[in-house]
Amino acid sequence: MFELQLEPVQEGCDSHTSASGCTIFLGYTSNLISSGVRESIRYLAQHRMVDVIVTTAGGIEEDFIKCLAPTYLGEFSLKGKELRQQGINRIGNLLVPNDNYCKFEDWLMPILDQMVLEQKTEGTHWTPSKMIHRLGKEINNPDSVYYWAYKNDIPVFSPALTDGSLGDMIYFHSYKNPGLVLDIVEDIRHLNSKAVFAETTGMIILGGGLVKHHIANANLMRNGADFAVFVNTGQEFDGSDSGARPDEAISWGKIRMDATPVKVYADASIVFPLLVAETFAHNASRLIKEKKSD
Amino acid sequence: MFELQLEPVQEGCDSHTSASGCTIFLGYTSNLISSGVRESIRYLAQHRMVDVIVTTAGGIEEDFIKCLAPTYLGEFSLKGKELRQQGINRIGNLLVPNDNYCKFEDWLMPILDQMVLEQKTEGTHWTPSKMIHRLGKEINNPDSVYYWAYKNDIPVFSPALTDGSLGDMIYFHSYKNPGLVLDIVEDIRHLNSKAVFAETTGMIILGGGLVKHHIANANLMRNGADFAVFVNTGQEFDGSDSGARPDEAISWGKIRMDATPVKVYADASIVFPLLVAETFAHNASRLIKEKKSD
Amino acid sequence: MFELQLEPVQEGCDSHTSASGCTIFLGYTSNLISSGVRESIRYLAQHRMVDVIVTTAGGIEEDFIKCLAPTYLGEFSLKGKELRQQGINRIGNLLVPNDNYCKFEDWLMPILDQMVLEQKTEGTHWTPSKMIHRLGKEINNPDSVYYWAYKNDIPVFSPALTDGSLGDMIYFHSYKNPGLVLDIVEDIRHLNSKAVFAETTGMIILGGGLVKHHIANANLMRNGADFAVFVNTGQEFDGSDSGARPDEAISWGKIRMDATPVKVYADASIVFPLLVAETFAHNASRLIKEKKSD
Amino acid sequence: MFELQLEPVQEGCDSHTSASGCTIFLGYTSNLISSGVRESIRYLAQHRMVDVIVTTAGGIEEDFIKCLAPTYLGEFSLKGKELRQQGINRIGNLLVPNDNYCKFEDWLMPILDQMVLEQKTEGTHWTPSKMIHRLGKEINNPDSVYYWAYKNDIPVFSPALTDGSLGDMIYFHSYKNPGLVLDIVEDIRHLNSKAVFAETTGMIILGGGLVKHHIANANLMRNGADFAVFVNTGQEFDGSDSGARPDEAISWGKIRMDATPVKVYADASIVFPLLVAETFAHNASRLIKEKKSD
């Protein structure tokens, strides 16, 4: 069913692409980068199949950390105390050793030094999206989602970029080399402009929280997205934005009144690879050719 | 059961308060401000029963908007298209007319002008927490959570403050009067310092997403909170941080290994007023006296 | 909210009680008998505040077993293998030693012998509800829900009564003393008649599955219950009857079109004692007096 | 992941089949028969890929009703009152007109007459499983799950067979032609024997409630199933059997201590067709040949 219902997004976008393009906003929570869904997302970024990305701090840093050291498969039931004593952090049924974060620190600190230097000497006005773009360049690794976002000029927004290991590093670094400013105002202008000046837009949002609200709110600026696919396990009864059905977004003008949005009630790690396979990947030759002839 | 299990937070904090205090971090998603839980939160801020607040952009703006015009009780099943045509926005089973946001705009725009002016003339370095502090002062209304946070010097952090109507207003305003900078680096220093320099800490987190992660991450900087109460409807199977049990936070050092954290699997709008009544409010005379004698 | 919304059940029933009575059907899954909700249910049976009970096999046997030996509080995360090796069975965060079931067997076997004898010599036509009535008489213990159901002639239906330890015992017993017949046809006549011949009916259903469907189906026979309160954690997206909202039951004629049914999305062990306290217990003096003057 | 983890069930069963067989118990709730999962289940019954079936009354009758008239695709949000006025019953996002149940009545009533006659004249001792076997014969339609269960002598257990439209019909019929007895004692003997005398057993259980408990309880009689796959959306926090993880079943001896059971947290209508395709159907030629050479 969802394959069929996704098709309008695909087709609607195709039909407009040749003329002026359909801007696809992809959002996802950090656990999906920790999981194997990262490879599906990297595929989309590599082949320019999405136009704007929104994720959380963890959704950024875990991608880079995976380039430095592996994440391991564990179990949900492993005891926190025992893991702590062994220096292992749990993310659902995945395990990330403390050492991975040390490697991340070693990699990041010189870049932060350089960012502060550029701010002071060249007047660079840093924002979360500019920082992610720079990190994508620095990682220089085709396994990275943000390497491809950098290569393909796909902006990546993460307004609360300090909410994670990146924030920890920025915090530590600020005592040694203070002064870095990360401005979120310029980024909201940039993100909203992406929605406002698009011919048509589509939203693909995996999970809830910030990433769901941020993409939908940007599309409010254009009186609603034309296409929307939500994949999450949230429920509406608690009044959360995470669990809200697409129909709530229609009341706000975040999705157009004549759209046919879809919510898939499932763990994205089960269904998103299938969705990508049956839509983007299935039409890859056509999509990639059209992008190249832009 | 949860009343009993909450008591350690209460008592643990009490026993330390006289000496140096237990720093209580309260986090909540925006829907709880939209709902009647706002009054319980306002009560806690008014009586200085919490020390640090973390919420989302909606958790900030909906409090101010409620000072300007009422939110109405509706139903989850009201049709988005019909609401849109009537200019009514739905938040779960609550309704907010578009006109409320117009009133918010009228109230906010002159304050944004003033903030830009101060930035340019006095070199004010704005951050989300400083902006919220200013807004709490400007609203000057004892119904507001952030009025009391301002009065009682309770810092309120919201790193993605542009993710909501506040962001919309900042975006519109930036075309008329550009230049405002909102820096998230200074705020992460401020938030983390609150955790690092506390004698003991407790976390009370309603809902998931950014607010849950942000408070827990700050407590990682001190090798874990001493007390933790999570109230949410998330489940762990999807690997989300929202649904993660407190035991996952122990693996990260976000909660201490010897703590006895609690997760209440329930809609916070059902249980949080009960929790406040049976803990903070029940001990109000003692808590308020001790705070006054600080 | 739910207290207010429950009131119509209460009041609607009261107003009719003096004339001909409002028949209240109470349903619950077995875990609620395993938990402390058993005491709230026992209170309702003791004071004849409900008229018909529907539960599962576990909802029957765990009540009797608690009269023979205690259930213990454990944790959800205790390892199954270790518990198995120690002869302890887990029900959520509750623990029941194997020995409890041995005591149950010792108590039940002579009763089964007697039932077979009566069937053979007196032609007793056993049904699940008749067996539960007899067991309630035999346990002769005021802590038991079914003791009071027996005393107060409240029929208790459990069509799949063999699905649990009772079934195990009946299975073992059938090799030593075969021939027992438990007929479910007579019980469906009895249950449906309770709905068909009632002036008005109310449904209070805790949890999903069989108990939710069975009560609602009986009320279909009268074109719908007048009042309905569902308390469960099920969601509608999977198409289950457990998660179906009351509005689905209206389409079937299981709830009247002009009723104002309520679904409380919560763990019944949190909210049902509160609901009973604020409704039945709050009006106990009036309710008990009216029942006595029947 | 789940495909891999399912394989042991498959392979474990294969390796034993030639010698003495692995008895696979398949359980599912009624909504899965209402949905398109019915076709996957029918496929398994048709090719004798499962050995014992347990379902609810709805899981039986909706299969037959689909042979008499179609079920329609609707929406979860259709209003109950309007549907009721049009004589349409909603099951999740599916619609079943009242007329379908009239056709079912027309088909069933003569069979009930015949069953009563056989009981009286031939002393037939009816049980739910015997009735389902007879109905499977009478429907004589290869679209029916129970037609194939009849043809292939796969016993189908449904102890609460009166909890649905079948119960309504039996109730109505009992006034015209009384006396039918449906005994659940003989069926529990039959079901438990299937588990006790099996060389190895596997459980595949879609959804919760009665079907999950009944199959697991039967496997308790043999000190646990060797293989187990649960597919459902239930959560453990409410202490329900539906939401209990396989590890709880290990504490009871319903799953063997050395088994590697799997729980898939998903709507079975999304994942079960995939599971069947990648396991049973993928190995169909081998499985069918081995069965034939039994």
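A, B, C and D are the chain letters, set down in written order, and residue numbers restart from 1 in every chain.
Note that in this section a contact is a pair of C-beta atoms (placed from the backbone, for glycine too) under 8 Å apart; a residue touches a chain by one contact, two chains touch by 3 or more.
Everything numeric in this text was worked out from a predicted model, so none of it was measured.
Visitor: Chains touching chain A and chain B alike, please list them.
Guide: The common neighbours are C, D.
Visitor: Same or different for chain A and chain D, where same means more than half of the interface numbers show up on both copies?
Guide: Shared-number fraction above one half, so same.
Visitor: What is the distance, in whole Å, between the centres of chain A and chain D, each centre taken as the mean of its C-alpha atoms?
Guide: About 42 Å separates the centre of chain A from that of chain D.
Visitor: Determine the centre-to-centre distance between chain C and chain D, using the mean Cα coordinates as centres, and give it in whole Å.
Guide: That gives a centre separation of 24 Å.
Visitor: So what's the Cα centroid distance for chain B and chain D, whole Å?
Guide: Comparing mean C-alpha positions, chain D is 48 Å from chain B.
Visitor: For chain A, give me the residues that contact two or more of the other chains.
Guide: 77, 235, 237-238, 247, 265, 267
Visitor: What does chain D use to touch chain A in their complex?
Guide: 77, 247, 265-267, 270-271
Visitor: Which part of chain D faces chain B closely enough to touch in the complex?
Guide: Against chain B, chain D makes touches at 77, 235, 237-238, 265.
Visitor: Along chain C, where are the residues that touch chain D in the complex?
Guide: The touching residues are 29-31, 34-35, 56, 58, 76, 78-81, 83-85, 88-94, 125, 128, 159-164, 167-168, 170-171, 174, 180-185, 187-189, 192, 207-210, 213-214, 217, 220-221, 233, 235-244, 246-253, 255, 257, 267-269.
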